[in-house]
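Pasting a structure here, questions to come.
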Amino acid sequence: MNYKKILEEIKIEVEPLIGIGKLADYIPELANINPNHFGIELRFIDGASYAVGDTNIPFSIQSISKVFTLTLAIKLIGNEVWKRVSVEPSGNAFNSLVQLEHENGIPRNPFINAGALVISDILISQLDHPKHQLLEFIKNISNNQNIDINKKVAQSEKENGYRNAALANMMKSFGNIKNDINEVLDLYFCMCSIEMTCSDLSEAFLLYCNHGILPKGNEEIISLSQTKRLNALMQTCGFYDEAGEFSFTVGLPGKSGVGGGIVAVLPGKFSIASWSPELNAKGNSVLSMKALELFTTKSGLSVF
Amino acid sequence: MNYKKILEEIKIEVEPLIGIGKLADYIPELANINPNHFGIELRFIDGASYAVGDTNIPFSIQSISKVFTLTLAIKLIGNEVWKRVSVEPSGNAFNSLVQLEHENGIPRNPFINAGALVISDILISQLDHPKHQLLEFIKNISNNQNIDINKKVAQSEKENGYRNAALANMMKSFGNIKNDINEVLDLYFCMCSIEMTCSDLSEAFLLYCNHGILPKGNEEIISLSQTKRLNALMQTCGFYDEAGEFSFTVGLPGKSGVGGGIVAVLPGKFSIASWSPELNAKGNSVLSMKALELFTTKSGLSVF
Amino acid sequence: MNYKKILEEIKIEVEPLIGIGKLADYIPELANINPNHFGIELRFIDGASYAVGDTNIPFSIQSISKVFTLTLAIKLIGNEVWKRVSVEPSGNAFNSLVQLEHENGIPRNPFINAGALVISDILISQLDHPKHQLLEFIKNISNNQNIDINKKVAQSEKENGYRNAALANMMKSFGNIKNDINEVLDLYFCMCSIEMTCSDLSEAFLLYCNHGILPKGNEEIISLSQTKRLNALMQTCGFYDEAGEFSFTVGLPGKSGVGGGIVAVLPGKFSIASWSPELNAKGNSVLSMKALELFTTKSGLSVF
Amino acid sequence: MNYKKILEEIKIEVEPLIGIGKLADYIPELANINPNHFGIELRFIDGASYAVGDTNIPFSIQSISKVFTLTLAIKLIGNEVWKRVSVEPSGNAFNSLVQLEHENGIPRNPFINAGALVISDILISQLDHPKHQLLEFIKNISNNQNIDINKKVAQSEKENGYRNAALANMMKSFGNIKNDINEVLDLYFCMCSIEMTCSDLSEAFLLYCNHGILPKGNEEIISLSQTKRLNALMQTCGFYDEAGEFSFTVGLPGKSGVGGGIVAVLPGKFSIASWSPELNAKGNSVLSMKALELFTTKSGLSVF
């Protein structure tokens, strides 16, 4: 198959959608981004990769970081993670407090904000320098030493993060946050503010297609069984309350962020990362959603 | 791989779990079943099949029927179905009224009871003899003319179906049931009371692994794209509020019923049906869940 | 105090509000009423009464009937009633299913629809001819033999009563409806369709100001303690999700109906009934609400 | 009537209930109180007062303070208060986040924790020295210069106040908290930690029986109309999710606190304060609830 040509066709087909979505507007750093960016990169386990558009411009990975922190937490404490956070789709918006109240402070899954806060708390308990060590971990799996936190974004997130502070306090009241709330929030806002390119993300996600092993160098990050779990979670919970729709139209496990990025994987085969800043009403990138749908249709490659 | 041997090992490993679960007890016909049954059948698109245990004893398919009625509805009216029922995981128990009230009578997905009632309503609008034609449809895809409704079970379901009557009335109040409520409930209870064997179910589900086409005879039931949608729905919504857990431990799209049956598919490869009557707290068969988990682990075959 | 003059002033002050509210529109019989009606009648225990406007035109009492059925149920089985229905404000719309689902089919109070359906069920269990005997009971306390059910309204209610059918089925699934659902709904729709005048209602409600005793003839209907309970319920739950607002602006126990009627009492002193068909967004009569507010302000008579 | 004798009878009748309830246990200062205390004081507008038991021992007034802060807020900004907090019963536990999430950060009423936090926020915006000025206000209406905050209790409240911090952050995310969250929480925890006696409380609540005017000295604190509103709120929302039960059994507007205190009023007549530390499952003092029920039964004095 001519993957380069498929990606180029996709770019032409999705670009007319620019203007339909809206930029995230809760912090100025996201609201002021040029909305015309679009990039898509496809990367196979065997090393082949295909890139079209803005695949080397770093953007705010936002919730995509939740996959990395969860991976690191699993690497550190294994299945102990699942005593603190559940694995079921939430059926609710990504920052809902209702469910926490009804379920004793145990978040529905690690990809809603509450769940990611618990994962932050775990990292703080396990690591001496959580922020630094998380960043080193991401640099390693992305094979790029230049990845960094955008401190201005982190600061803005913090100043507007009352809903996340509410979630953290709520879970603390149930005993499901062990460390100081400000420390937990600080790590959470930092991880959301990491900037990466489509190229970085497709590289990092190769481990989820490759049984938990980095193809370059063969380092095992997590076990095969743990990888299967992560992929299942991305399939059922990776797209806020649009998980069903994504599973439905794209058919791949993946994760999106309000920075406009989406990464997905076909286990055993490839990872694919797309970026375009404008979002639909559910907070997923309009162009990236469409691009991935077109890719699975045109290539015939999906899990279903 | 020696599939027969794998299935035999599985039987030995799951049988000690008999006694842990509980029989469905809301109608006498399910409460009085011999709890010691266990059967598992694996069937490949190419015709090969492997059976161990009670794979030729018919049992009440219950919610597994929701896959068949949805398939028939899609065959009849295509994407119009999705105007009447959504495609997102519910995050709630299978018969919740709460969501209906908050979402104007549109059920979260076609595999919760409310959604299946809407599908029944669609079949009644589209078919002259809905009960008969649904049964003919199932006989055809299962390649077995002896499949039938257990009328005693249907009657018991009806006598205990107040929750379903509440759901139907609720949706009628929002205009999302078009036909007479008693007719809708009658078809619903009949479809739940159909009896099939593991052998029948694995045969019928081959179409979901084979692009919507029956391998024997090459009849196209639904399109490739519609099949992908059905598989995505089974992946995210097929196991009540245990969808995440199943996706997590088994890694295959599938559907369970309170009769103790579970069917799953690996698209492009095989279907697998298991039956054992005792249920866990979420209403899924204890032995069948474990059997499928063991199968994907032992065979290494899963979507993730 | 010149009560007649106060009522006349009130009429002049509220009439400009005609046109602000909307007629109930879920059944044609309510949607086609002349919206210009307004009547108010004040009646003291000692026999004095003051009427202004359309106080002798019968209108659909709707939910005001819930006070009468509850009174009759208490008369028949006393405190046993409270095993089947709770006494707390619902904080939700009058026909919410959510609460029932979370609280095992026990309605929050007897003045929401679910609660009134349970009361209907109790009357059916206790009475040989529930419809007839309920009507006789209301005729007696109203001192008017001409009160009747509007059969056309009852039929329309039935044809549009899917939400109530959902509530009844839901409670039946929890075992909190003992009789046939259709019988329960039939009595419920009949009681809502009773027609009375402001004069009738102010007469009937005298018993709640007079320790449960009819002033004319001294018949004890319910005990002093039971009367206190009824008044407390009207205070906290009589106005759907506007109970707080009514308690706040009027300061009297009372009950409203979507026919546009409101009746209230000052225990130990008087009853007051007002009618005007146009409703606010919460389903309470715009003019009647304002009229009662003006009355307590002008007369200085309220419980607070 | 011999009020002294009635109160003495009540003491004898309620004391056998000691041991049925449980002390509040979320902070050590409340958990370690001697559970055998009981006091009750009745105070008439005309100056007469009757006291039995431990009516001069200060205890933690907790949520009773919400009446005082609301009164002060109304005194300062009048009806502007109702733009920030609603007046309807919540039908939910006193610290529910669910409602806030569904209703855009506007608390259901000023007596649930969320509502009281908004009132704290208003006081901070309006007062130069909110803590000091609130205390002066309470000293004035209680006619006792010795009333003070228990700083140890305030500190403990703070250390265990994650649920309240969640509420405050949640409302801040909706823009319904204007000041710094820590300042708002600090004032909130201080007001809950004020200690008063039954004698103080019955004195302070006289203003709610006397049209908003302090009987001693005739100072008008709030207007007649505002007083009516406060009494209506106490009637419908003063007892967490037991408001209906209290209205039902006691029939007086009032307010309870988890310190074991309850104060109630009969407008135009008297105030009555009772204290006993053991609580029922809803957080209301077992003996105080029973004492007030007995008082209205024995005296025949209630609003209904």
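A few points about this structure:
Letters A, B, C and D mark the chains in the order given here, with residues in each chain numbered from 1 onward.
Following the convention adopted for this analysis, a contact is a pair of C-beta atoms (placed from the backbone, for glycine too) under 8 Å apart; a residue touches a chain by one contact, two chains touch by 3 or more.
Everything numeric in this text was worked out from a predicted model, so none of it was measured.
Traced through touching neighbours, the fewest hops from subunit A to subunit D number 1. Each step here moves to a touching chain, and the least such steps from subunit B to subunit D number 2.
Annotation: C-D is the more contact-rich of the chain pairs C-D and B-C, by number of C-beta pairs in contact. The geometric centre of subunit A is 55 Å away from that of subunit C, both derived from CA atoms.
Averaged C-alpha coordinates put the centre of subunit C at 32 Å from the centre of subunit D.
Subunit B and subunit C, compared by their mean Cα positions, are separated by 47 Å. In subunit B, no residue touches two or more other chains.
If the chains shown are joined wherever they touch, the resulting network closes on itself as one ring, and no chain has more or fewer than two partners.
Contact annotation for chain pairs lists A-B, A-D, B-C, C-D, with touch applied as defined. Touching subunit D in their complex are the following residues of subunit A: 96-98, 100-101, 162-163, 165-170, 172-173, 181. Of all residues in subunit D, only 86-92, 99, 108-109, 225, 227-229, 231-233, 235-237, 241-245, 247-248, 251, 253, 267, 297, 302-304 touch subunit C in the complex they form.
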